[in-house]
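Read from first to last, the chains carry the letters A, B, C and D; within each, the first residue is number 1.
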Amino acid sequence: MTPPTVPTKVKVKLGANNYGKADVRFFKVFRDAPRHEIKDVWVRVAMEGDFEAAHVSGDNTDLLATDTVRNTIYGLAVDGFTGSVEDYGKTLIRHFVSQGPKVARATAYFTEHQWQRLTVDGQEHDHSFVRQMPKHTAVVEGDGQTFTVTSGIDELYVLKTTQSGWEGYLMEQFTTLPETNDRILATVVTAKWEYAVPDCDYDAVWGRVYQTILDTFTDHYSPSVQNTLYRMGEAILTLCPEISRVHFSFPNRHHIRYNTERHGIENPNTVFHADAEPYGQIEGWVERA
Amino acid sequence: MTPPTVPTKVKVKLGANNYGKADVRFFKVFRDAPRHEIKDVWVRVAMEGDFEAAHVSGDNTDLLATDTVRNTIYGLAVDGFTGSVEDYGKTLIRHFVSQGPKVARATAYFTEHQWQRLTVDGQEHDHSFVRQMPKHTAVVEGDGQTFTVTSGIDELYVLKTTQSGWEGYLMEQFTTLPETNDRILATVVTAKWEYAVPDCDYDAVWGRVYQTILDTFTDHYSPSVQNTLYRMGEAILTLCPEISRVHFSFPNRHHIRYNTERHGIENPNTVFHADAEPYGQIEGWVERA
Amino acid sequence: MTPPTVPTKVKVKLGANNYGKADVRFFKVFRDAPRHEIKDVWVRVAMEGDFEAAHVSGDNTDLLATDTVRNTIYGLAVDGFTGSVEDYGKTLIRHFVSQGPKVARATAYFTEHQWQRLTVDGQEHDHSFVRQMPKHTAVVEGDGQTFTVTSGIDELYVLKTTQSGWEGYLMEQFTTLPETNDRILATVVTAKWEYAVPDCDYDAVWGRVYQTILDTFTDHYSPSVQNTLYRMGEAILTLCPEISRVHFSFPNRHHIRYNTERHGIENPNTVFHADAEPYGQIEGWVERA
Amino acid sequence: MTPPTVPTKVKVKLGANNYGKADVRFFKVFRDAPRHEIKDVWVRVAMEGDFEAAHVSGDNTDLLATDTVRNTIYGLAVDGFTGSVEDYGKTLIRHFVSQGPKVARATAYFTEHQWQRLTVDGQEHDHSFVRQMPKHTAVVEGDGQTFTVTSGIDELYVLKTTQSGWEGYLMEQFTTLPETNDRILATVVTAKWEYAVPDCDYDAVWGRVYQTILDTFTDHYSPSVQNTLYRMGEAILTLCPEISRVHFSFPNRHHIRYNTERHGIENPNTVFHADAEPYGQIEGWVERA
């Protein structure tokens, strides 16, 4: 496959680019009081700016080592990480834009694990925790002055055994699926939202969105994943004035009634194959009108 | 690497062997009452017996197709899966030993996802659930008459921010780790246990073990993962007379205080690197004396 | 966290949205001749259009079931999948835009596994294959008339033990990394490229890009991942006139010389810790000037 | 679930146990000559012995820190890791049994990535490599005097498009699978073998086993996975006198002909659904008679 002769190089230029450190796992304990608080975070920081010299001529003069980026993430956390990851993202970006001589913008991507305080004999324990499933994600982007914040929820598995159907859809050459007004609805919620305000109590909003998703999931007959998506968006925008719009990505984790009748056993809609793949994928934004 | 001439075949024989179906995901809804119950299960069934004809001469006469194994797992579940996965394992093994002409023994491996019923306005919802992190595992093995049951817990992440240390260990050429009497202790519990009784309420025992692990995790200063392991075993054997012995596998997920002092920032034991690997691994059985 | 009274719903609207089927694994054998050819593909199809009725009022009239999408992917493959996944993507999009009454645009995402024909006694085997590591990815998007094609390479692990360094970078408060002109360079190439032509032999171009990445990786002293990225882009644009621009995402998989001197053992730059995380992440486009 | 009163502790004892360090990734370059050689290894070391004091009374006096285990793995590699991982496993075990005051036995588990030297203009490159898919695994166990070595291959994907069938199996109540004498056979080989000799050129044997698996895969019509398993074992024992017995674990990755006839399209056995799960699982040892 190697060409026999080396052709003359064509003229090229550097396009959009960024660099930084990824998968930095840091953990902070707030231990001023006997009741400790914790934050368990993965972060990636990516910087954008005029890095042409490094790319084109191998001149690293104005580059921060990504190892330096790592040290900074830990170092600034000591005094600068006091609340939400969203707030810390702004702190990080302000630093990198001012510190890196050629850094014009930066983005911080966070995944925060959720830990629940353990309860012993009905009392919340001071310093022991058990991990919970959904994750708090966040992306903060900016030039050091203005920021765009997107927060999210990831890996929230919900399921209901009834009050969901799929009927009245288009029938054509490749359609074989039968209609139903009683199916299992199961999905893994990936949500993200943008803000109508420059700043707020991000952790409080996250908790409100989380609860609203669960509440909405239970409160209606779902004629489609699309309709449930829209209802969840409407409820969140109603209960969270801080949010301008919200996006959901819903895999439809199909539970297919198993045909045991061919073996002489009547399946009264109780035994299902939980199909891992393929799955329907439904995605969309719900926005303020 | 291919040898130039084909050597004469040596004499060989079939050793221990098994076959069956793996990663069968099945889901059962108990919907007799308005308040639905669910079971969400992965299972693998492996059969042992005299399968020499198939291996040696390609004679499949006495083999069940693994597709048949799958159909059976769903088919029998309709009437035969009414309680724990451990009980259903016995049902499956009885079937395969009697049904497969050459099947002498079988093993069923289960992974059961845990779902928590959703609470809406303080009321438990009838048919909506959110998934929890730890899993219920089980291995049931037997000849159709007698069974060995091993149950377990997987992916239970616990962490405490203090009341753990590591001191007084052996110092030698390759030792560089400093001693500490105040460190973060974090692990992912993988536990399994065997039974002193032929039968019991397996789900109730699972719940009791789960709670005992969490309670014990909080109730002492941990001088080592080994000592905490032993204490958990002791507590479980005390509270669960049904259990004969219990095994734990504990990765020690190190949280390493980050050296920010080299950057002129004092880290008052609050910012840590949550190291993913390598990790200490501590494993052991605790048994009745 | 549930608010005590239900607030009046705010006005909302549906934003950008799509739906379809994901993780459809299909496999095609070209068996007209004794020498079989194969294609091993994962695909996701996402459709965009006016799906407001389904979202807002639960009216599914104009929706294709995602199960229908699946059937279509297999059904059209019989006659319509004859060459590259990129070409089949166009076929699929044409179909869904014409078939779904409200479908305006569609996107097909492909991951194609690479299989190498086995060689037996120096002869290529007719129908036996062994899987290779890098994957061929592709995203085809369009309205049924015009298409945007992006092809890519994923999971290509390359490493060189010397002829790489990192020097002359910015030194500041958080910098502790020492400079080096002889380090191990290891990365996992994720590349993608766009086309300057509406159509071409996509598989041939993929092979040429693959070879050019490997060739460029070996042909220079690398002063930074950034510079190697730029050189690879330049070489690809030189050798592939079909390509308009190319993007790389390079994790810098650090290999850190282990300090065995503290144990009295001199490490002559031979033993390294292959650090899994964190890692530097360098990304950028190289474009025609 | 917490019991109201604390019961008297029962008598317990420590059973089988071990500890050590896992997921240690180390990398060695042999750079004496311009043509570098590399070894890319994950290792876990687990030690067994009398560790009762640590478990029962929290007395760590005779324990090595797992951090020390890590340092040792890197430190000894400088001079002690000169050939195969199997040989290095013996070196590590000898060290830990002699160094840990209470260590009676130890086990080293290895996963070694395979890297192929790059070829540039038909010449093998001195120091550039591309990673290959199958892995070399090894488990070495012993008391410092005698060792049990098990070597293996992992993640070797093979597939053939014909010359495989499944017929003549047992038909019963739950059987619905149709017979076929022309199916796709695809599996992911996991093999392991034990040795008839105390020592040998482990890397050379690995290469011979690898080649024999591929050769055998192509050289017969497969009436069942079981028969192919047996044939591979026979061929390996014939070509590798160093090996006493060999074990295979074969997932049967089903490729199911897609029924496109219900859409009016004839599928001439060319389009398949590559089903990810469930899968048949066939496992067995082949031994010298």
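General remarks:
As a convention for this text, a residue touches a chain if its C-beta (ideal position, glycine included) is under 8 Å from a C-beta of that chain, and two chains touch if they have at least 3 such contacts.
Here the structure is a predicted model, which is why all the values come from computation and not from measurement.
Copies chain A and chain D of the same sequence differ by a rotation of 180 degrees once their CA atoms are superposed, given in steps of 5. On a Cα centroid basis, the chain most remote from chain A in this structure is D. Comparing the contact residues of chain A and chain B by number shows a mostly shared set, over half of all numbers used being common to the two copies. By residue number, more than half of the contact pairs of C-D reappear in one of the listed pairs A-C, A-B or A-D, namely A-B. Set side by side, B-D and B-C show the greater C-beta contact count at B-D. A separation of 35 Å divides the Cα centre of chain B from that of chain C. Between chain A and chain B, the centres computed from C-alpha atoms are 29 Å apart.
Taking the mean of the C-alpha atoms as each chain's centre, chain B and chain D sit 21 Å apart. Contact of a single residue of chain B with at least two other chains is seen at positions 2, 25, 71, 75, 120, 173-174, 176, 215, 263, 276-277. The part of chain B that touches chain C in the complex is made up of residues 2, 120-121, 173-174, 176, 262-264, 276-277.
Contacts from chain A toward chain B in the complex involve residues 25-31, 36, 38, 40, 71, 74-75, 77-79, 81, 115, 118, 120, 125, 127-133, 156-163, 184, 214-215, 217-219, 255, 258, 260, 263, 265-276.
Per the touch definition, chain A reaches chain C in the complex via residues 1-3, 7-25, 44, 46, 51, 54-68, 70-72, 75, 99-101, 166-170, 172-177, 207-208, 210-211, 215, 223-227, 229-230, 233-235, 237-239, 245, 247, 251-252, 277-289.
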